[in-house]
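Two complexes follow with subunit A in common, the first pairing it with subunit B and the second with subunit C.
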Partner chain A sequence: MFKNINPSTVFPIINSIFKILFILFIFVLIIGLVEALYLSPKDYIQGHSVRIMYVHVPAAWISLGTFGSIGFLSLFNFIFKNKNFSLIAKSFAPSGLVLCIIALVTGSIWGKPTWGTWWAWDARITSMLLLCIFYILYILTWNVFEKNSNKEKISSIIAIIGMINLPIIKFSVEWWNTLHQNSTVKILSESSIHPSMLLPLLIMTFAFILFTLLIFLMKYKVEVIKFKKKGLERL
Partner chain B sequence: MFGKKVNSRILFICLLLFSLILTTYIIFKALEENVVYFKSPSEVKNISELEIKKKIRIGGMVKNNSIKSYSDYISFTITDFKNEINVTYSGSIPNLFSEGKGVVAEGILRDNNYFIASKILAKHDENYMPPNDNNLNNNK
Partner chain C sequence: MINQLFIMDGHGIYVWSAFLFTMFSFLSLYLIIKAQLVKEQANFANKFYNLSEKKLATVKAKKINKEILVNSPNYNF
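On to the complex of A and B.
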């Protein structure tokens, strides 16, 4: 089981697709930024501050998605003891943490002109902060513990526990009264966003996904080298 | 299907997740009062005398034609279309605060109909659209 995704077969593929992904990322990011900052209209109430959404929302989505991936990979790693799963999960963590912080900071910057406050202890924002703490805990367990301790197991358990937080973040705006508004883009029903604003949002999301993949591939490459040559711990 | 060790680990994870989800659910049930960021006017009506001195937040829509400006304060009515509550406030107002839009006010309840706010926050909805939907080209 899972023989096909072992590091030795994946390694040559990474090198060849990295360049293509990088060029695609630059291309998509430029289109996305022009579309988001210049071509898209301003909002009927919020005016130009709506443009923060084109960074805030993709960052939040992808940091959730990344933690979901880390959680499931950790679950598989815990059950099947396949080292490669934990390497992939570990490589996803840094970009996820950065995106989570971006979502919190841009949310704060967006909150001041629209709500009138930098920070509110409402359910959505607090659960997002909790996600940030889980990311930090997850990364710390890999770095703090001694070499031969079972940090793989501990980090897996942390990621699995942290997964419970994901549906809480997603549904917090529906379950409780929150200052944060409900979700705008819905999969099952019609989105309450004008198509001219949805387009830059989707392009920016695609750009952020490519960015996450790029950082992931760089980190994964390092992790595989570290794994193959155990002496290179400090790399 | 899998080996004995794998099966035992699957069982362990299932039990762990089940108990954790149950724990989280119970904690949130117990803390519901604190998780909720604001109360609606209908909930405020039921608050007893004893709790009245505490600082609370109430939220809802600003009733149409209810904002009145005086020299050093404003007054408006928060409604959830069933019950209403009158609010007075002095201080700076967020940009998005207007009639027919969402608002969250933080302050002290004087009685079940009258609220003195020390801070107001605008709550905006999830709809995004250009200013004039009809002639998009003019608003680029």
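On to the complex of A and C.
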């Protein structure tokens, strides 16, 4: 079933698409930055500070999505015993962690002019901090343990347990009274965000997705080379 | 225009610091992973070209090894 998803078949594809993705990322990022910093309107309540949304929201969305992917890949690794799943999961972690940190830091910067404080221990912010801790634990596991099977098992358990936090992050603003505002962009119902703000948000989200993909491809190459190097040592 | 782009009615310091932190994080992560990749490629090339003739012939037959070493300075397939 997963015969075609192996490093030997994927590696040449990565080499051929990387440059195209990189150029596309730069192009989309420039358009996104112009839209976010100059063309999009200011908010009638928050003023220009609303522009922080264009980096804060995509970072938060993608860090959640990335951890979800890591969790599912870890689960598949347990079920199908395919080492490639853990290599893919491990390769997603660095970009996920950095995006989670970006979401926390930019959220904190946005909090000062909006709420009058850099930090509040409310449900959304605390659960995002917990996600950041899960990312750190996941990455540390790969570096701390000596035995490869231990690394895979423990990191997978951390990722699967960490997945419980994802719906908590998503619904925290509905379940508890928080300083953090409710979702304005919805997939299943009508979004309350104005189209003039939705467009730059979507462009920046696309740029962040491309960046995540680029980092993932580079990190996956690193992991495949490490794996193949061990093969040479065993010869 | 300058006011809107840089000062932003007093919010410029928050907006620009958030965007600069994001771009700095992106660049740092890219450079770190790129350095890891270059290091691993060099280590792999070192191990690969130090193999005996017989072993080298076996590993040269694998397409993925060629793909890994394509940017190596002593690329020889």
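One rule holds in what follows: the second predicted complex is superposed on the first by the 227 of 235 C-alpha atoms of A that agree within 3 Å, B and C clash if a C-alpha of one lies under 4 Å from a C-alpha of the other, contacts with A are read in each partner's own complex, and residues count from 1 in each chain.
As a working rule, a contact is a pair of C-beta atoms (placed from the backbone, for glycine too) under 8 Å apart; a residue touches a chain by one contact, two chains touch by 3 or more.
From a predicted model like this one, the values you see are computed outputs, not experimental measurements.
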Quiz prompt | First (subunit B), second (subunit C), both or neither touched by A:D122 | solution = first
Quiz item: When the two structures are overlaid on chain A, which partner does A:I139 contact: first (subunit B), second (subunit C), both, or neither?
Solution: neither
Practice problem: Pick one for A:L24: touches subunit B only (first), subunit C only (second), both, or neither. | Solution: neither
Quiz item: Of the two partner chains, subunit B (first) and subunit C (second), which one does A:H48 touch, if any: first, second, both, or neither?
Solution: second
Exercise. Using the touch definition from the top, say if A:P113 reaches subunit B (first), subunit C (second), both or neither.
Key: both
Practice problem: Mind working out whether A:I102 is in touch with subunit B, subunit C, both or neither, as first, second, both or neither? | Solution: second
Quiz item: Regarding the shared-chain residue A:I164, is it in contact with subunit B (first), subunit C (second), both, or neither?
Solution: first
Quiz item: Who does A:F211 touch here: subunit B (first), subunit C (second), both, or neither?
Solution: second
Quiz item: Same subunit A residues contacting subunit B and subunit C, which ones?
Solution: 42, 113
Self-check item: Complex contact set, residues of subunit A against subunit C
Solution: 7-8, 11-12, 15, 33, 36-38, 42, 47-49, 51-52, 55-56, 59, 94-95, 98, 101-102, 105-106, 109-110, 112-113, 211, 214-215, 218-219, 221-222, 224-226, 228-229, 232-233, 235
Exercise. Could you pull out which subunit A residues touch subunit B in their complex?
Key: 39, 41-46, 50, 53, 75, 78-80, 113-117, 120-123, 157, 160-161, 164, 168, 176-179, 181-184, 192-194, 196-197
Exercise. Spell out the part of subunit C that touches subunit A in their complex, as residue ranges.
Key: 4-5, 8-9, 11-12, 14-15, 17-19, 21-22, 25-26, 29-30, 32-34, 36-37, 40-41, 43-44, 47-48, 51, 55, 58-59, 62-65, 67-68, 70
Exercise. Could you pull out which subunit B residues touch subunit A in their complex?
Key: 6, 9-10, 13, 16-17, 20-21, 24, 28, 32, 35-40, 59, 92-97, 101, 104, 119-131, 133, 136, 139-140
